[in-house]
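One chain, subunit A, appears in both complexes that follow, with subunit B as partner in the first and subunit C in the second.
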Partner chain A sequence: MDRRRINGPSGATIPPVFDDAGSQDLASVKSRSRPPNATRKMYLRTGVTPSASGSAYLEIATSAKPGVSGLKLNCSVHGPRSLPRSAPFSPHIVLSTHVKYAPFSTQQRRGYLRDPSERDLAIHLEAALRGAIIADRWPKSGVDIIISIVEGDQDRETSKSQGDEVWDMMNALSGCITVAAAALADAGIDCVDTVAGGVAALVQDAGDDSTPSIVVDPIPSEHGKILAACCVAYLPTRDEVTNLWFRGDLPASDMDLYTSLVENGIRASKNANCVLIDCLTETVG
Partner chain B sequence: MTTTPTVSLPAPIFAKVTPRPFLLRGLANPPSPDLPPARTNGRGPRETRPISVNASSLSHAHGSALVRVGDTTVLCGVRGELLPVESIPQFRPLDKNAALTEKEGGGGNNDVIGRGELKDYDLLVPNIELATGSAPQFLPGVPPTALAQTLSTRVYSLLHSTGLVEAGDLRVWYKPGGGHKTGEDVDMGEGEGGGEGEGEEDRVVAYWVLYIDLQFASFDGNPFDVAWAAVVAALRDTRLPVARWDPDRETVVCSRTESRKLNVRGLPVACSAAVFVKKESSEKGARTKQGDYWLLLDPDRLEETLCREVITMVVDSSDGETRIKSIEKHGGTIIGRELIRGYAGVAAKRSIEVKKAVEAMES
Partner chain C sequence: MASSQHVLLSPAELAYLHASLSLTPPIRPDGRTPIQFRPLSAETGILPGTNGSARICFADGTEAIVGVKADVERTAQRPGEETVFLEGGAGDDEDDQEGETKEGVDKRKGDASWVEMTVEIPGLRDDDSGTAFLAAMLSEALLADGEFVKRLWINRRFHWKLYLDIILISPPLSYPLPLLSLTTHLALLSTRLPRLKSEGDEDPFFDDDWAAAPYLFPRPAHTTTTTTTTTTRPPITLLVMAVGNNIIFDPSKEELAVADVALAVSVAGSTAETGKGEAEEAGRRLRLLSVRTIDPPSRLTPPGIANAANTAYGASNGAVGTQKMLEARTAEAEAVEGVWRAPRGGAKRMVLGALVQKVLERGGVVDEVLDALEGVELG
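Moving on, here comes the complex of A and B:
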């Protein structure tokens, strides 16, 4: 128990259990409202936290149906600043990334302590950004990149989410990469290129024996079953992938499926990059 | 060196190198005699930053508000979770007569009963998170700072002392007698004719626990006022689903379609000011004369680091008359009786501003 916070009652509290008898059929809403190669609308703005060196806010539009929330991310960058004296010498800038879900961001209330999935996100984010930053321009210094996920990408109405967290994390990571790139640019930290994230997934919409198809920017609640997904962090002008995260279950014999999944991820990332560039030129101009 | 070189520093560097003279300059001797004294942020000493309130921006929380005062931005989400009475260690079944009189709106005594429940069962859980990169001094990965802990505790005690939330709203009833809708105590005391023993009495089966989580998105001074405004706005926005006891499943189930607004009593507003003293007090006991200090309303981050004495007054002027709910003052000896008396008027003015902003978002 953390005595430094207010913990509430000693007995365990339970999140509300809903009476599903009177509600409409939940299965019927499972259909994708966009073409398979279209990403959702995105809103990006820099300079939301004036006290930070750089900051950005990203919101991904909700899909058409009500009750589904989009992703809302807030990122702030502090630094570059000198490392503490106790730290060992580093010829490069030391990146430290923190990703934290707000307690009210998901269906179930999140605690204040970081859980493994948040650490996982932070590690992937760091890998994605490290490839973009010109690190040896700041020896002996560090930069903190802090992202709070104000609202997670989750369907509120789905009562039985069938292990969707993994796929939600993919979407969250791609958002984190894009918003962090905007905040880094806002902080004036030199990068070789603007990195942006994109997600592609292999989904099976109708039944277990239907042929799977590849979609971009998947929402788990819009698809019957997600077989595999991959999140790509991509530098467009260099044509380089800085981080690739693949999860799922694909036969090893079918490499074409795998490569086309990555290609679609890159396509999604290019879309995000357009928004990023627009946002940054708007701030400059 | 015979000539002293004239150095001109840009304002941000000046503010960083010598913050105290920087702030003092504008207050003590304004650049021209016909200009009023001003702070470094361009405001007059008794000028607050405008407040803006946005509600219902979060979809997973039962109530939420985003409050912005200048560059300080706070996001507050309220979420209800159920606490079955079996998991309350020292649960005392509610005295039925007491509940009845409370429902009929009696005197102050009922207030005490309701508040006892809130406090005894710890039904309000406010927590403030500063370590969201909101300012360079708050970085994540460490336990909450002293400031974050103090703020949470202050919000917690103010929530209880103002009686903002009524315990009646948080009770979930089981009424075997008649009513199916148990969230509301509408038909208390009726339909109880054929009571078949103790088990068939109307009883409280669970309580809603309100988790009130606050996140600073951006920090530029005066955290308590902004956080408190966010708490009040979010609670006013809160709608809890209608809950009832399902005897077959032996749990509380909530309705997806029906929800009930939380009754929030009044609209208390916190108003803080910091005292900026001309000289850094080196000698103890030396009285600071009139004119050697300034009361800076709604201080920003730079001013907060330079001021030691702070006063916070919580007033409620929602029903015409201004009532003082709490006064907190610490860090010095300058604010005396007269100043506090005068400050009530300042706080009342601020509370009307905040009230307007909160009501504008609700309409």
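Moving on, here comes the complex of A and C:
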């Protein structure tokens, strides 16, 4: 609860759903237009915030279907700077990550204060980046990584987005990891490698009895049902995973399914890493 | 973050601990085997004002209480869904029992917002990120399969809203995730909701006899029918870590401080029983619900200095030129035995796969823990 501002009534209204004639056609083309192993196009640029020591902007292309917005992320890195005098000694750089959805970024309005899901994203991001940063080169210093999600990855046409928020969070996290890695490189903070995020999901497209298939970079509204998904932060040259987040419902007897989900997540992360490397070499060269 | 609280161990102690945990078999400071849990005492039904409650106390003195409270709440109607009309439904009252089996169609729906979980850890602010992470992890396991919230469905207009309040009574002497998860599991097992007397989509009306209240997770019924009944159990979340080639369950704080990688794995077990005269157990089937890497506190530990680089041991303390700096960089990269260095980079995917595989092993730790929790008498 935000006590410093005048709050509107909470949950008093539901988001509007427009009953236009075209919506019937839209529902029929609701399917994935990309091959299952292709990620969406993304646009990455560093150095967008001059006042920050490093910054980056990431936009993921909207899919062919109109009405689906892409993810838009802005990341700024402040530091490394010395810790305040009151802070205890730290032999490593102190990493603090903030992820915030803009109030207008999702269908349900987000408040000004960070809600638990945003804090959760920040912790995931911290774990992903801490593995990549060479932390002992900056004793007694701190760095702030601030990500604002300008526009979330949501389908605005559907009235019910039941349970989709969770899967949206995974897409947002993979974007956050990639954009933060670009901003860290822009700030000149030493990393073992460029870390990038990737998402893979196990989806069931046609009915409850169809055989599930694995797709990369899923959009929840394009698939009938998402059974499980995993988000991976991956360091390609070291072949290591710094953060792994799996969620879903898999029978324990089927370890192969889990393994191939993670492998596909890594594949998606490699794709994102190509964009990241291209963007960084362009800035340098 | 609770996992990254500083451990007061010197680099030499950390190096020693890491070396002894990397042995085959590993030697743990408290003498446990790698898959052994800390001994714990548990009881349920300790809070009379709740629908279900539990307390677990680990032998190292950490203790947690969980209380489960339930409210009846009106389900928000979204446009586009079938509109609900009040009708004197014939046979509608059997939705709860037969709704799922009738032609395989499950009318019940659930929503993640029907479960609210709060975690309170002394010494941490309630808006601390670590607390939010713990709560997210525990509720994620509960909501992952979407089956749990369906149990809270009353009719198309009303549902139960479940509040799970998790309180760690003792200071967090170790990363409290397994403790909180096991306590939540027990509290949910002991949770009972009043028996519904109204029918169909009427305003719900309940039996005031508490003795008649059914459990949220029904007890396995030892019937003599030939039908197969499945009893599902709430999920549990286990903390696993890898040091060298060893996989260690339920690490203490000191052990976690030298972990190469730490994972929180949530699993749920369901037992299929085919009652043919005697209850013949078809074995427990485990389901993997969620996996999260935990940022190991080992990344925040101070590094040791090798004797060769230590001026107290005769290393030259000359002017630091660029050549020296380069040497320092290369020295930074290679590990000296017995000198502690905080792990850098991530975990190999083989290691992560092996950790999950070990948790899901048949007849492994999960089975042992679930069997032990099953043995706790529900008060």
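In the analysis below, the second predicted complex is superposed on the first by the 258 of 285 C-alpha atoms of A that agree within 3 Å, B and C clash if a C-alpha of one lies under 4 Å from a C-alpha of the other, contacts with A are read in each partner's own complex, and residues count from 1 in each chain.
Methods note: a residue touches a chain if its C-beta (ideal position, glycine included) is under 8 Å from a C-beta of that chain, and two chains touch if they have at least 3 such contacts.
In this text the structure is predicted, and so the values were computed from the model without any measurement.
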Return first, second, both or neither, reflecting whether A:112 touches subunit B, subunit C, both chains, or no partner chain.
first
Mind working out whether A:150 is in touch with subunit B, subunit C, both or neither, as first, second, both or neither?
first
Tell me which partner A:48 touches in the superposition: subunit B (first), subunit C (second), both or neither.
first
Output check: A:242 vs subunit B and subunit C. Expected answer is one of first, second, both, neither. What do you get?
second
Examine A:104 and indicate which partner it touches, taking first as subunit B and second as subunit C; both and neither are also allowed.
first
For A:134, using the defined touch cut-off, is the partner it touches subunit B, subunit C, both, or neither? Pick first, second, both or neither.
second
Which partner chains sit in contact with A:250 here, subunit B, subunit C, both or neither? Use first/second/both/neither.
second
Is A:284 touching the first partner subunit B, the second partner subunit C, both, or neither of them?
neither
Per the contact definition in the header, classify A:258: touching subunit B only (first), subunit C only (second), both, or neither.
second
Across the two complexes, what residues of subunit A are contacted by subunit B and by subunit C?
14, 17
Going by the contact rule at the top, pick out the subunit B residues touching subunit A in the complex.
58-61, 64, 71, 73, 75, 77-84, 86-89, 121-123, 125-127, 129, 132-136, 139-141, 143-144, 149, 152-153, 156, 209, 211, 213, 215, 217-220, 241, 243, 246, 251-257, 301
Touch list for subunit C against partner subunit A, complex:
1, 76, 78-81, 111-112, 127, 129-130, 132-133, 135-136, 140, 144-146, 263, 267, 285-295, 299-303, 332, 342, 344-349, 352-353, 356-357, 360
What does subunit A use to touch subunit B in their complex?
2, 4-20, 22-23, 48-52, 55, 67-69, 74-78, 81, 96, 98, 100, 102-107, 109, 112, 114, 144, 146, 148, 150-152, 154, 156
In their complex, what parts of subunit A are in touch with subunit C?
14, 17, 90-92, 116-117, 119-120, 122-124, 126-127, 130-132, 134-136, 159-160, 162-163, 166, 192-193, 230, 233-235, 238-253, 255, 258-259, 262-263, 266
